[in-house]
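I'd like to ask some things about the structure below.
Labels A, B and C are assigned to the chains in the order they are written; within every chain, residues are numbered from 1.
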Amino acid sequence: MLKTVEITTKKRIEFIDVTSIVRQAVTESSVRDGICVVYVPHTTCGITINEHADPDVVRDIIYQLEKIVPESGSYNHIEGNSDAHIKASMIGSSESIIISDSKLMLGVWQGIFLCEFDGPRKRYLYIKTLEG
Amino acid sequence: MLKTVEITTKKRIEFIDVTSIVRQAVTESSVRDGICVVYVPHTTCGITINEHADPDVVRDIIYQLEKIVPESGSYNHIEGNSDAHIKASMIGSSESIIISDSKLMLGVWQGIFLCEFDGPRKRYLYIKTLEG
Amino acid sequence: MLKTVEITTKKRIEFIDVTSIVRQAVTESSVRDGICVVYVPHTTCGITINEHADPDVVRDIIYQLEKIVPESGSYNHIEGNSDAHIKASMIGSSESIIISDSKLMLGVWQGIFLCEFDGPRKRYLYIKTLEG
């Protein structure tokens, strides 16, 4: 099953916790054992899995990504959002999570995030489940 | 279906746009709905998805990766290409893209790139399609 | 098939070569052609594929990751392991490898590593194989 979800981001850089959205898509699908691919069809967004208990973890990831890839630099791309493209390639456009016994096999502290690097914008999230 | 494609790179660092090659492999396969895994069997290459409209985006990604992981550093690996190995682990060896209605679900601006970090060389690209 | 393997790490930062463990899981499964998803259910670990012939490659990857994301920084997360969370998001929680003719299609120099960024600890590795 493929589900497309619309997400509205509110800041330039922001990680949106989409864990419950992905869990619901897995429940809606008839997949009992398989995998779930979470994908963003954008070039200035990424998908990451990390702690969603303490919001300071996401704050620290964003802080350090901004340090490694500053908003301003000797970039050529005329739209002025090169840092967002670079961060997207460092984080990656998708994550694959295992489904077992109809459940997403996330660790206790793991959450799934859509990483917005050039918001605020309307974004799409693709959630694909495969039996196997 | 699994397809292996040979790619000849021409520079030390270079991102090769393989989008049309991957699209063709998806068309050749009988997969209607499923996923496509694009994989490089090399330790100094990566696969990334990013904008392929303006070549300056790739130029800027390469520029910043070189800044974060310089060619010369306090590296021990005797072959002298440690930066290429480090960049490969930062970018990742594969990407998974969703197939729906026999089409690769890339975003409007997204292209798939083989990232060469230690060329020029002859490289291989594996394209695997799964129905599901 | 889904296999869970327990891994005990011994240092704060350490890459554990799990290639033979993953190969064995693929052999045990009945998968002839498909994919293998290797996943860590932890927020301070990652999975990477890189050279496992010369241990200096891993040493150099760790060295540079520590430079890019130092252990101490202006981090807010109270547990003091923010660098480990940041490194985990940069490396990613999983890798997908193609299975063909019952074999894992790794390149000649490629090995699969569980990347410990906040050890020593007891960790879990999920190995999922899908036919297709």
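Note that a contact is a pair of C-beta atoms (placed from the backbone, for glycine too) under 8 Å apart; a residue touches a chain by one contact, two chains touch by 3 or more.
The structure presented is a predicted model; accordingly, all values stated were derived computationally and were not measured.
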item: Topology of the chain contact graph, where touching chains are joined (line, ring, star, complete, other); value: complete
item: Turning angle required so that chain A lies on chain B, C-alpha fit (0 to 180°, nearest 5); value: 120
item: Copies chain A and chain C touch via same or different residues, half shared test; value: different
item: Centroid distance [mean C-alpha coordinates] between chain C and chain A, Å; value: 19
item: Per-residue multi-chain contacts in chain A, two or more chains; value: 34, 68, 90, 92, 96, 130, 132
item: Residues of chain C defined as touching chain A within the complex; value: 2, 34, 37, 39-43, 68-69, 73-79, 82-83, 85-86, 88-90, 92-94, 96, 124, 126, 128, 130-132
item: Complex contact set, residues of chain B against chain A; value: 33-35, 48-51, 54, 56-57, 59-61, 63-65, 68, 90-92, 95-98, 100, 105-110, 130, 132
